Structure formats: C-alpha cells, structure tokens
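Chain IDs A, B, C and D follow the sequence of writing; residue 1 opens each chain.
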Amino acid sequence: MLAEYFPILLFLIVAGGIGIALLLVGAVLGPRSKNKEKSEAYECGFEAFEDARMQFDVRYYLIAILFILFDLEIAFLFPWAVVFKQIGLVALVEMAMFLALLLLGFVYCWKKGALEWE
Amino acid sequence: MLSNFFHSWIHDPLIAHAGTFGLVVWLVLCILAIAVPVILTVALYVWWERKVLGWMHVRMGPNSVGPAGLAQTFADVFKLLLKEYFMPQAASKFLFVVAPLIALVPAFAAWAVVPFDDKVVLADVNAGLLYLLAMTSLGVYGIILAGWSSNSKYAMLGAMRSAAQVVSYEIAMGMALVGVLICAGSLNLSDIVRAQGGNWGIFNGFWLPLFPLFLVYFISGVAETNRAPFDVAEGESEIVAGFHVEYSGAPFAVFFLTEYANMILISFLASVLFLGGWNSIFPVSWGFLGAPGWWWLFVKAFFFAFFYLWFRAAFPRYRYDQIMRLGWKVFVPITIVWVLVAGCLVYFDIVGPGKV
Amino acid sequence: MSFELILFYLFATVLTVAALGVITVKNSVHAALLLVLTFFTAAALWLLLQAEFLAIALVLVYVGAVMVLFLFVVMMLDIKVEPLREGFVRYLPIGAIVAVVMLVEMLGLIGLKTMSAQALPADPAGASNTAWLGKALFTQFLLPFEVAAVILTVALIAAVMLTLRRRVGVKSQDPAKQVAVKASERVRIVKMESASKGGTP
Amino acid sequence: MSFSIQDLQLILPEAFLLFAICAVIAVDLVIKPAQRDATHWLSIGVVVATLLLVIIDRSADARGFSGMFVHDAVARLLKVFILLVTIAVFVYARTYLKDRKLFVGEFHMLVLFAVLGMMLLVSAGSLVMIYVGLELLTLSSYALVALNRDSPLSSEAAMKYFVLGALASGILLYGMSMIYGATGTLDLQKIHAVASLAAGSSHQTLLAFGLVFLVAGIGFKFGAAPFHMWLPDVYQGSPTAVTTFIGSAPKIAAFGMAWRLLDGALGGLHPHWGEMLAVLAVLSLAIGNVVAIAQTNLKRMLAYSTISHVGFLLLGLANGTPSGYAAAMFYAIAYAIMSAAAFGSIQLLARAGFEAEEIDDFKGLNQRNPWYAFVVLLVMASLAGIPPLFGFFAKLLVLKAALDAGMLWLAIVAIVFAIVGAFYYLRVIKVMYFDPPETKDTLALPQDIPLRWVLSINGAALLFLGLFFGPLLSWCYRAMGAG
C-alpha cells in the first residue's frame, strides 16, 4: 500500500518545486524599483486609514462551523458507501437514521435563518 | 501501447541500473509527464477561452501572435515572468510569498490519482476519491492566506467571500462524490471507471442514475474554482481582483496557473466520475468506435472544459447571497436526499457496477 | 535502516518541531499554520501505519475543515498576542513538570508495547482499509455511530443558537414577490376632479 | 455481532426519547414564540413517557449492540431518578426563563439531549459508549450554560466550562486509550477480565497510568477537588434554571460512569484507584466545606457545597465493596434531589430583574412566606445532614460503609468536615428565620402553580424519604447485589 502513496509524496514535492521555480524565475528576471507609493495597499488612492484585518461578521464563522459538521458527516458516509451492500438492510436503515438526524439539524438551521445571507 | 513502450524502454533499464534511485527518477519523470502537459494545456486552454469568448461576442479573439494567435498565452506568460513583483508594505512577508505555493501544490498533487487509461495512473491508491476530496479542501488555504497576508481590504474581502463560498460548495461536492461511491462500491478511481464500463456506452455512466448529483457536482466544481457565474471573489466591479489583488508578476502567474489547472482537473474528474472516464461513449460492440482509450477521456474533459467557457460567456454574475442560497438551500438538501435514493437503488440492485 | 524508517523519522521530526513551533511562535497565524503542518505530518505517520482511510480523513476533516475555522477566527479576531503570553514564563515550571511526567509515561508505554494482551487484528486479507473500517463501524459500533450523529446534531443546534444574530434593518428583496407583484399593488389610480371646473383663470 | 430486534427492545426508552426529541424540535420550529408553552409541556410529557417506559420495563438484565449497551438494575434505577429530577428541572425553569426572555425551545432540546446522553452513559458497556454518552451530555451542557449569551458572566462561565471540560474529556480519552492499549479491547466486561488477570504482572504499570488519567477525568467531570476550579464559576454564571439542571441529574450520571469504569472495568485495580479516590474525597470535603463558609452568593455557596458532597460520594465509591457502591448511589440520588430543590427555591424567589441568588435575599423569608421558608429549611437541613432528613441517611450510609471497609480515619475526616459544613447551611436558615426582611411587603411569588407544587413535593420528599428510606435503600442494595 505504501508503494502506491510514494508517488503522491513525490508529486507534492515536484509540484512545490515547479511553483518555487516559477517564483524564482520571476524574481530573477523581473526588474526591481523601490517606490513608497507602489508598495502601499491597493485602495482608492488615499493612504489606508486602518489595518485591513478587521473583525468580520459572525456569519462567516457560522458557515465554517456548519462546514465542519457536514464535512464530518461526509467522512462518515465514505466508509458506509463502500460496505453497505455487504452489510445489507441494517446499514441502509442506519444511514437513513443518520441522515434523518442530519436533515433535522439542517431544517433547524434553515428555519432559524442561519443559512440566510442578508 | 504507448505506456508499454515507455515502460520497457525507460522504466526497466532505470530500475536495473539504479535500483531504488532509478525508481525515484522514473516516478519523477512520470510526474513531469503529467505536470508539464497540464501546464501546456492551461496555456492552450487560456487561448481557447479567449477565442470562444471572442466568437461569442462576435469578435476575433487573439489572432496576431503565432498561427491563429496560438502563441498569445506563451507571450503573456513570459510577460508576467519578466514583470516586477512587489509586496505591500504592510503585508506578512513570509505568508505573502508562500501563499501561491500553497495554492498550487494541492491543485497539482490531485492529478496523481487521475486515471488516464486502464492502468495508466500514477498512484493507484485505494482511497483515491477521499484523497481527491482532501486535496480539493486544501485549495482554500491559498485563498485565505493570500487575502490575509496582503493586508489590503479588497484582498481581505475577496478572501473571506471566496473562502466561505468554496467551503459551502465543498459539502455538496463531497456528497455528490458519496453518491458515485455508493454506485461504484470502491474509492479507487480506476475501479470507478471500470464500474461504468458495459455494453451501453455512455449510458453506462453514473450520470444517468445520479443525474442530480452529476449536475450538482459540476456546478459545485465551477463554484469551487471561483469561476463565472460564481466569481464574486474577484468581481471586478466590486472588489477588483479579490484575494490576489496585490499579486503581480510571477506569483500572479502561479495563481493563474492554479485556477486553470483546477478547472481542467474538475473537467477530468467529472468525466471520470460520471461519464465513464476512458470508456467509449459508444457500445463496446461497435468495434473501433467502441474501443476504450485515453482519447475518450480527453474528449469528455474537453466537453466540460468548454462548458466552463460557455457559462462565463452566457450567464450574468450571481449575487453573493444567491450563491450561498444555492449552495446551502438547494444543493445540500438535493444531495442528501439523492444519496439516500442512490443507496436504495444500489441496495435493490437497480444500479451497480456493470448495470445501467 | 529501511526507507520506511527513514520516512518515519523524517515525519516524526517535522511533527515534533512543528508542534513545538505551535506553542512558541509569536504570530498566532503562524502558529495555526504550524498546527496544520503538525496534522499533515501526523497523517503521513498514520499512513506509514497502513491506516489509509484515517490518514486521509485526518487531512480532510482537520486540515480541510477544522483548521480553516481556526484560521478564520485567528485572522479575523486579530488577537494581540503579547498580553496573552505574559503568563508563559510563570507557568513554565508547571508545564515542564507535566511534560516530563508525560514523557516518562510515554517511555513506559513504549517499554510495555510488546506486552499487549492480544495482538490487535490486522487488516484481514489485505482488503481496503476503508472497507474494513466501515464494517466495524456499521456492525459492532452501530450504537456509538448513531450517538455520534446525535452529537453532531446537538453541535449544529448549539452553534446556531450561540452565534446566530439577526441583523436589524437589513433590506433585501425577494425575487418571488417581485415577480408576483400585480399592477394594482403598485399603482393606485385615483379619480380626481378636473381642475378647470372651478373656473380659475 | 450484528444487530437484532432484541437490541431494540433493550434500548426502547432511549430510542423513544430520541424520536420524541426530534418531534419536540419539529414542533418548536413550527409554533410561534408565543406558543412556546407547547414545547415546554411536550418536553415534560416526553420525559414522563420515557420514565414510564423505564419503569414498566421488566425484562431481564442483558447486553445489546455487541456489548455496547448494558441493561441492568443499576442502569434502570439511575435512569428513573435522572428522569424524575429532569421533570422537576423543567417545571422550575418555566417562569424563571420567561422572566428573562430565555424561554426558548433550545433550552428544552438541549436538556433532553443531555438526558439522552446521561441515559446512554449509565448504560454504557464499552469505553466508546462512555465517551460518546459523556460528550452528548457535556456538549449540551456547554451550550446550556451559554444560554444567556448577552450576559458576560454567562459567556465567561461557558468558556471556562468548555475549555476545562474539553481538557477533561481529553484526559479521559487519553486514559481510555492507554487502557485499550494495555488490554486490547474496549468492552468493559472484557477489560475487567483482562485487567483482573493482569494484577501483579508487568501489565499493571500501563493500566495504572491509564487509571490515573481516568480518575483525573472522572474527578473533573464530578467537580472533585483539585479538579473543581470550573464549578463555582459555572454555577454562578449560568442562568439558575441551567444551574439547577447541571447541578442535579448529571451527578447521578457521573456516578454511573464512575461506577462502570472503576468497578465494571477496572475492579481488579481497586487498591490503586481506591487510594486515589480517597485523596480526592478528603480534598473535596476540605475545600468544599471550608471555602463555602466564605461565600455570600447562594449559588456559589451551593457550588462549593456540591464539591463537598462529591467528596462524600467518592468516599462511598472508594471503598470498593457493593455496599459502598450502593451507599454512593443512594448519596448521588439524594444529592440530586436536594440540589434540584435548593436551586428550585432560588428560582421561586427570583423575579424579572432580580436573581435572588445572594444569601441576604433570603432575609426574613419566614415572615414573608412561612411555607416556602419551611421548604428551604428542609432543603438546607437535608444538605447539612440533619436527622431525620434524606441527606442525613445518605451521609450515614456512606460513613457506615466506610467504617465497614475499615476506613476509620476517612470516616472521621468526613464527620469533622460535615460538622464544619453544617455551619453555612444553618446560616441560611438563621437568615430566613431570625433576620428582619429587607422589604416589608409580602412576597410576590410567581403565579406558577406547577412550580409551587413540585417544589413543595420536592421539599416534602426530603422529609419523607428521610423517614421512609427503606424501599429506596433496599432497591440500591439489590441493584448493586449487596446484602
């Protein structure tokens, strides 16, 4: 099994290498001229008033949390999908219950307006 | 076959003369044999995109550099590489440099498990599908890091929007993959393609029983790659170029490469997962036409790649709340329900490997 | 030393260094990224143990989802790091003691590794790791699996309950209503007397 | 190994509860906020129905779901009281939450989920079930503590609870993984067989390490000193309705978990964990009773009193005999009932904009409302362990079991601290009966008839069960298989 994953490791390294090579080529070939105006953040032309790293709407976090939960459910679905045929009806019912609970949670989110993007 | 030829002329002598090291060299050659064509395809794809857009706008598109403007993209690439690249004063230096790399690596590494033909796959891993999903989910890092490290408001807004969007559509995408998995009964991509072989040609593909998932998958793929009509992350009229607004020169080229490599990847995956990969679209019994081969995969992938361009030319941009609504309120329920339906279909032997 | 062992030591070293980095670097975003690296190398180590599914699931769930949330929070809340680190030196001795105790225990574990009551069942017949895991999960561990679904639902409800705030005064259009509108709802035709009747010049 | 219909029969109350919770959620999503009472009464109905299912179930002891789920007398007994206490919690909460605009469906859902977690926890037959049951309980509790999310105190409490709770879960899990590593199984029964065999062999080191973590985790969840840091802040910070819940029924479940882990799985290692628990017990008794004296906030005082009661409970567990377990179980049940009544009376006195959580708020209660002053008197006296109340017999049983097991010095320490502890309970009684009220007007109690009745019954039960403790006691003894 490990022999099959070794190419992936190599691929990760090679892909990184390609990226680094591109960046290096750009760094070597590209001209350089320092200029204060140029190195300011791209905005409307005034100097930036404040740091761009501001607090964001809590909605983004909510989306991220929901994503984690659903991602976990998908992680559970993967092994199920591989074996449910061998286990039979029990597995099907089991996953139906699992998904029903998930759907209930989903309906809850929906009804409460957590999926609304105002 | 071509692969046999390479195997006996390059692989065998390498192993014989250099042992493990030779194997590594062979694998690196294989990887380059995938990565370099991907890069070239990106170049051609960009040219094709501009041509198609041009035609749809009733204009010529690139036509001056090289025959039919074919060398236009290459000229653009050299231009980008020769340009200065600078970093905003307030940026986090290290992350600003690393972000394009972090975006590029998963976009390329995902290609490792794509089967181009029977047994022509770099890493024939058991958990291929899961690996793909994992790699796709890493794509969001490049976006977030680029946006944050630039320390610019446009970049930040673009990164947040696009991260939330990518993450939302990943759910639908993962669920669609589960549907495929149910029908194929295996996580191995070659097995998935084989499960779609049969005497009905294209109708053996999973797109038929999993039609809703098929649509959801491809549309999610478009949203995942931040392409039109879901390209609010770089809606020019609102936030300029989104997360990579501060990038120029070579790092920008890397982001550009990543985006197009991802698009091509999605096109290939849609073909592999739903249209039967290297299987012919005609019944096997049709002789030459029915013979499986890598060219079929490329034809199918080209079909999807064209759709990307068509979408871009034809649809107006979605509003952000509409994008989120589509992802969460339409796709997620559809996929959850259809996963169950697919489970029942397979359980009652209506669908399965080798069946229609 | 086999190639596998070399890889193991390589990943283990990266993991340890990254984990140390998580708790020592100043910048919280860098710390989060080092944690990502930690998870990644941990996944590589699991892969070396032939736990294919778990390794990739670790990347998928932790790196792909949990750490994204972490990054969101760390980046956007803009935590000032310095005040948080004030206690670091003060608590260092206690932390060091705990760490040493843990280390001793771990060494104890390693020494005792061979005395496990029974060898754990290995992957039977070299079948796919995922299938094996799935079978265990959906037969023997059926009940905990369903309870896990309940836990996820509770997490969903709790997350929505604690974070969702309706913004007041937001105006948004409802396309369905816009389309369904009738002329009579938009324009009111008022019958008025003609102005000229009064006879002003 | 697979699943059968008998399994479903075993788990019927839990399965019913799960479906009913789904129904509650569905109903709550449909109704308007003004009709929230429907959710409330439906939730109570669900608990009552589950209670009936548990009571009428006369099937023999069995293990189901590949040994994951244990159906035995202890589990049944614990479930009955968990459900009973939960009914009281719901009834007490209604007016209190309404006054604070916290009367939301989520409160009911989360409490019900926590109850489901507790029921699974006390029936756990495997380390995995212990863990998921516990997580279900604690995850719901974290969210409940933060119910009043606009209050900084509440949020802070939730944060502390969450961070320390997660740490405790981690510790527990670490201990479990060590035990799994040593024994190669997750099944409590099989662990018991292997762990007992291993006594005296080199295995013991690894198991003992696992055990240390396990005991620390249990200590955290109970709130036993020195793992009690979260408890006072959480009790004080959360809305009283939530404090009533997390301060009562989960103690019964925690007892079930501790018993299953320590006796059910690691009975062979009793010499080790017995000592550890004894240390925890003494520390809890000392810290809980001494620090409680200095408190002016009633909720905080009751939190420290919880710590001291946990000390007593652990004392019963520590002696490792069936009669010790039975005494501890009796104590856990007694404590949960007393605690529910104590926090319930705070909620009775609370009004919109007034929490009634300072001890001074109880000044002159006797002149303002003699009956409820008497109920509070019963509660406080029972908590202090004054005969002939419920709390007294609980203490007595634990002490007797300790003496029987030859733990003389422990018993003496417990008695000394119980006497110290009596002081602060009596202070509340003194304030009620001998201090002049701060306001002259008669007490405006909420017009919540169920609240008044249930609280009265709850108070009276302390007296009644103190006088007629026989049936409950013999039930505990029978369940534990003690003479």
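To be clear about the criterion, a contact is a pair of C-beta atoms (placed from the backbone, for glycine too) under 8 Å apart; a residue touches a chain by one contact, two chains touch by 3 or more.
Please read all numbers here as calculations on a predicted model, not as lab measurements.
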Q: Determine the chain that sits nearest the middle of the structure, using the mean of its CA atoms as its centre.
A: C
Q.
Counting only C-beta pairs in contact, which chains form the busiest pair?
A. A-B
(Q) I'd like to verify one number: the distance from the centre of subunit B to the centre of subunit C, where each centre is the average of its C-alpha atoms, in whole angstrom. (A) 24
Q.
Using Cα averages as centroids, what's the distance between subunit A and subunit D in whole Å?
A. 41
Q) Quick one: subunit A and subunit B, Cα centre-to-centre, how many Å? A) 15
Q: Determine the centre-to-centre distance between subunit A and subunit C, using the mean Cα coordinates as centres, and give it in whole Å.
A: 10
Q: Return the residues of subunit C touching two or more other chains; collapse runs of consecutive numbers into ranges.
A: 52-53, 57, 60, 64-65, 68, 72, 75-76, 128-130, 139, 142, 148, 150, 153, 155, 157, 172
Q: Mark out which residues of subunit B touch at least two other chains, giving numbers and ranges.
A: 125-126, 130-131, 133, 137, 148, 160, 163, 167, 170, 186-187, 321
Q | Touching two or more other chains - residues of subunit A | A | 1, 5, 51, 53-54, 56, 60, 64, 66-67, 71, 78, 82, 84, 90, 101-102, 104, 106, 108, 118
(Q) Which category does the touching pattern between chains fall into here: line, ring, star, complete, or other? (A) other
Q: Go ahead and list every pair of chains that touch.
A: A-B, A-C, A-D, B-C, C-D
Q) In their shared complex, at which residues does subunit A touch subunit D? A) 90, 100-101, 104, 107-108, 111
Q. Along subunit C, where are the residues that touch subunit D in the complex?
A. 105, 108-109, 112-113, 115-120, 139-144, 147-148, 150-151, 153-155, 157-158, 161-162
Q) Residues of subunit B touching subunit C in their complex? A) 20, 92, 94-95, 125-127, 130-131, 133-134, 137-138, 140-141, 144-145, 148, 160, 163, 167, 170, 186-188, 321
Q: Sort out for me which residues of subunit C touch subunit A in the complex.
A: 4, 44, 47-48, 50, 52-53, 57, 60-61, 64-66, 68-69, 72-73, 75-78, 128-131, 133-135, 137-139, 142, 145-146, 148-150, 152-153, 155-157, 159-160, 163-167, 170, 172
Q) So in the complex, which bits of subunit D are touching subunit A? A) 2-3, 22, 25-26, 29
